[in-house]
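Chains: A, B and C, in written order; residue numbering restarts at 1 for each.
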Amino acid sequence: MTRRLSLSILALTAMTTLAGVAHATSTLDTVKQRGVLQCGVETSLPGFGIPDDKGNWTGLDVDTCRAVATAVFGDPTKVKFVPLTPKDRFTALQSGEIDMLSRDTTWTQSRQSAQGLLFTGVNYYDGQGFMVRKSLGITSALKLNGASICVQQGSTSEQNLADYFQTHHMTFKPVNFDNADAIIKAYDSGRCDALTTDASGLASERLKLGNPADHIILPEIISKEPLGPSVRKGDDQWFDIVQWSLFAMIDAEELGVTQANVDTMMKSTNPAIKRLLGVQGDYGKTMGLTNDWAYNIIKKVGNYGEVFERNVGEGSPLKLKRGLNQLWNKGGIMYAPPLD
Amino acid sequence: MRGFAAQSLLVLALGLVVASATLEAHEKMLARHMPLGFGFWHQTAGFDIEQALIPFAASSSTYGTAFLVGLLNTLLVAALGIALATILGFVIGIARLSRNFVVARLSAAYVEMFRNIPLLLQLLFWYNAILRPLPAPRQSLHLPLGAVLNNRGLMLPGPHVAPGAWPVALALVLGLVLGLGLLGAARRAKRLTGVSSGLGWWGLALAIALPTGAFMVFGPPLHFTMPQLQGFNYVHGVSLYPELIALLLGLSLYTAAFIAEIVRAGIQSVAKGQREAAAALGLSPALILRLIVVPQALRVIIPPLTNQYLNLTKNSTLAVAIGYPDLAQVFMGTVLNQTGAAVQIVFITMGVYLAISLFTALAMNLWNQRAALHER
Amino acid sequence: MNAEASSYVVRDMAPARLPPVTAFGPWRWLKQNLLQDATSITLTIGGLGFIALLVPSLWRFLVSDAVWHGGPSACASAKGACWVFIAQKLPFLTYGAYPEAQRWRVDVVVGSGFALIIWLASPRLPRRNLAAALFFVVFPVVALILLHGAPALGLETIDTSLWGGIFVTLLLGLAGIVFALPLGTALALGRRSNLPLIRLTATIFIETVRGVPFITVLFLANFMLPLFVPAAWEPDRLLRPMIGTALFGAAYMAEVVRGGLQALPRGQIEAARALGLSSWSALRRVVLPQALTIVIPGIVNSFIGLFKDTTLVSIVGIFDFLGAAEAARADPKWQGPSIATTGYVFAALFYFCCCYAMSRWSHGLERRLQHGPEA
């Protein structure tokens, strides 16, 4: 008995020692070795990240993951979606559970400076709003003094809500849950007078209500919420890849390169398009990718405008206006540095 | 000697595993700029908690206070749940042994039903089943004594201590102390002489008369403010939120099923001969229960009962599923998310529950040593 | 009789009672079981009243007011259960997003797992050693290959993120038995070892795991594990809650097995050693077979607890049966007042049937064990 025990312990020790030898590798190598990108997404938010019964994911944030997977593998299907609640998402990213987070997460100073996250950009400019029942007869958030308000746990909404009510000398009773479905169900059942989250989230959650027309979104936007993908600190190459995958989609829209015309655009004489599509220069290689990385993204996922329309715009049940998310030269603030 | 080798190898291996995991985590935390240490404890929290037993404000309270709020909420739901589950469990456990067919069957059905369905499912069910049918605040159900029930919870009149409270409280304490003292003296006298002295009755009279007298003289020690509808919600009362009610209901109904089984087994463990012998000695049925059955049954009941209490406390972490702000929900949820100090927070949370468990286990062992049969 | 007791004892003889009234047939049963005295009669009436209140409303919700045909619109204002919803969502509730064409693989694994358990669990069937070997060694490997896929064998790889529903619940349960029992036994032996450090290690492990809430263990396993192990070592996301469940179950199992070891008379092992068996064979051939048999009811009970606890994985983002039911409930297409309750009732029925069956089986076994082994 003792001998067997000693043997097994020896084996264990050997394995541990071996483990100590293995050194930390770059995220790109880890992803390539694994053969699949692990991307943290929403659990179920129509338009941003939601699976159907067959496990097919759709959404703006989901397509951002696909863009990165395409940049790395040339294949948008090489991604594994890890659904995360807001309170679990940073732990999952920090620990290495996921390679990137693309889950309508607000870019804030403390998340970047104190929590070890790096935001690579913004894929949706948003702000926090309130939804109430029409029957309450309220038209302004300033009338919500003393109300019970449903809010998602571990989100910026939780803090903004406290700030807003404090600034306006009002009180409220928070009712918080860790997932969006529990919140919408609680609101629907009358547990709260109002529901608060990002305006896009409100539009999306409203679709889950029995009768969406019975509910209105109040005009006040109480915060700015730049939502975008993020990565862990300490791996600049990986940061570049995630950042420029999004920028390439935005630049493509600006340059008029679409999923449909990308092949003809390969013959374009416009130097900016030539650089984007890898016809000229080594822009992919400098990030450890192939030079057709952006071509693949546009061909297989689409440019930013197409992804927006398909998931949250007029072509979707959400029917959100482009608004702030229109390109900078068309009245919005969506702006990507040049691929140069 | 071989034993020595195996042991040192085991310790070495475990030490290596723990050390390499710690190093690995430390290295990664450094490389990823994750917060180290416990600096977050004194930072301002910036979020609100619906149910706080101590003053808590988003603008001024710290994460440390948020931890305390969560801990107190956990202890509150555990204490209430334990009390409810014990009462219900004893009633049902005894009812299962009833000679009445209907009562025994109903109790058996209760036990089988509640212990064979996962607690999480029961909690979700209660939460959704309680919330849905209850009316909105404006259509509240008005219960006796000024209590109000709606989908924001159960609002009770709030007690406030009146200025003349301390003489009444003093009289209450004095009455209790004197009463218990007299009762003890009466018992001793009876044990020694076998004759009832009547001192005990005097004690009881004193325990009642003193506070009543003080109440007459100084007026009521508490006054109550009635819950009132103001804007969206009721204010001025004590509110039991639906999350608390659902969690309490789920935890106590579930645990009661297990306690009922423990009580039944405990009572059944007392040999029939014991009762018969006591009856043959001429003890009345009430005395048989008090002096023969209960003390022996308790020896069997209490260890597993303590386990159930611990289970209930640990199970209260399922509060996250229905939004009750317990330690796990507040601290391992919002605080962890805002500070990013995942490792510290998860280990503190685990440590709290572990400490509760170990402390109870220690107390249990001491009790067991005292209560165990001392064979000579 | 000493003075102390004298005060408790009646001094006069009790008056003789009348002979018991004899009654026969159903009347006697009624009198003895329902109508002994005033209290009993009150309780009977109260109990029957309770049943009279409960049963009709349950019947209305589950059957007469329930929606049995139609689509989502039929449930929009249903007063009773919306069974159409369950019928429509049943494939998702059973298999999660596992591809339809490959679902036979799930059926095969779950079916063979149950067949093996029944073989193991029925004392009348022959060659149970073989069943044990198949179940604890061969089955996990085959199940893994079949479910996850092996391109070399022509089985397409199905990523675990697509696994879900009842299938994952059963899988977690099976993993619970397959790993928790052997591991728990090892821990129990460790805790009773006469080597102090091994005893200490086992004790610390058991008490720590039993002292913390399961959900904290799952959180650690599902969101933080990669922090503590090198990148190359990360187990699959579904494997982790399985390991967590198994370790958690093992600690509880260890205490049950320890009870069995303690119940075994010392003479057994002494006799075995006196016959010349090594300590290892004495353990394997004499101690464990007896100790484990004594505690089978305890093992089943702690397994029932484990099975119920698997629902907690839904909180850390695994689509087990309860997770799938919650996801199905959120479908905006199905909006009715009774959708949530229907989902819960269905899940409750499923868990109740599984757990109740196991507890009945263990009761039967307990009774047989008390009557001694069959010849």
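Simple rule for what comes next: a residue touches a chain if its C-beta (ideal position, glycine included) is under 8 Å from a C-beta of that chain, and two chains touch if they have at least 3 such contacts.
Quick caveat, the model's predicted, so the values are computed rather than measured.
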*asked:* Tell me the shape of the graph of touching chains, choosing from line, ring, star, complete and other.
replied: complete
*Looking at A-C and B-C, which pair shares more C-beta contacts?*
B-C
*Rounded to the nearest whole Å, what is the centre-to-centre distance of chain A and chain C, using the mean of the C-alpha atoms as each centre?*
39
*Could you grab the centroid distance between chain B and chain C? Build each centroid from C-alpha atoms only and quote it in angstrom.*
26
*Which chain A residues touch at least two other chains?*
5, 19, 24, 88, 91, 94-96, 185
*Of all residues in chain B, which are in touch with two or more distinct other chains?*
3, 6, 10, 28, 128, 132, 320-321, 342
*What are the residues of chain C that contact at least two other chains?*
198, 219, 223-224, 227, 229-230, 326, 340
*Sites on chain A touched by chain C in the complex*: 1, 4-5, 19, 22, 24-25, 30, 43-44, 46, 51, 53-55, 80-85, 88, 91-92, 94-97, 181, 184-185, 207-210
_Quick check on the complex: what are the chain B residues that touch chain C?_
3, 6-8, 10-11, 14, 21-22, 24-25, 28-29, 98-103, 106, 112-113, 115-122, 124-125, 128-129, 132, 190-196, 281-284, 287, 291, 314-315, 317-318, 320-321, 328, 332, 342-343, 346, 349-350, 353-354, 356-358, 361
*Given the complex with chain B, which residues does chain A contribute to the contact?*
2-3, 5-6, 9-10, 12-13, 16-17, 19-20, 24, 86-91, 94-96, 110-111, 114-117, 144-148, 153-154, 158-159, 161-163, 166, 172-178, 182, 185-186, 189-191, 193, 232-234
*Flag every residue of chain B that touches chain A in the complex, lowest number first.*
2-3, 5-6, 9-10, 12-13, 16-17, 20, 23, 27-28, 31-35, 46-50, 58-59, 128, 131-132, 134, 136, 151-152, 230-233, 235, 242-243, 320-323, 325, 329, 333-334, 336-340, 342
*asked:* Looking at the complex, which residues from chain C come into contact with chain A?
replied: 76, 89, 91-92, 96-97, 99, 159, 161-162, 198, 219, 222-227, 229-234, 237, 278-280, 283, 316-317, 326-327, 329-330, 332, 335, 340
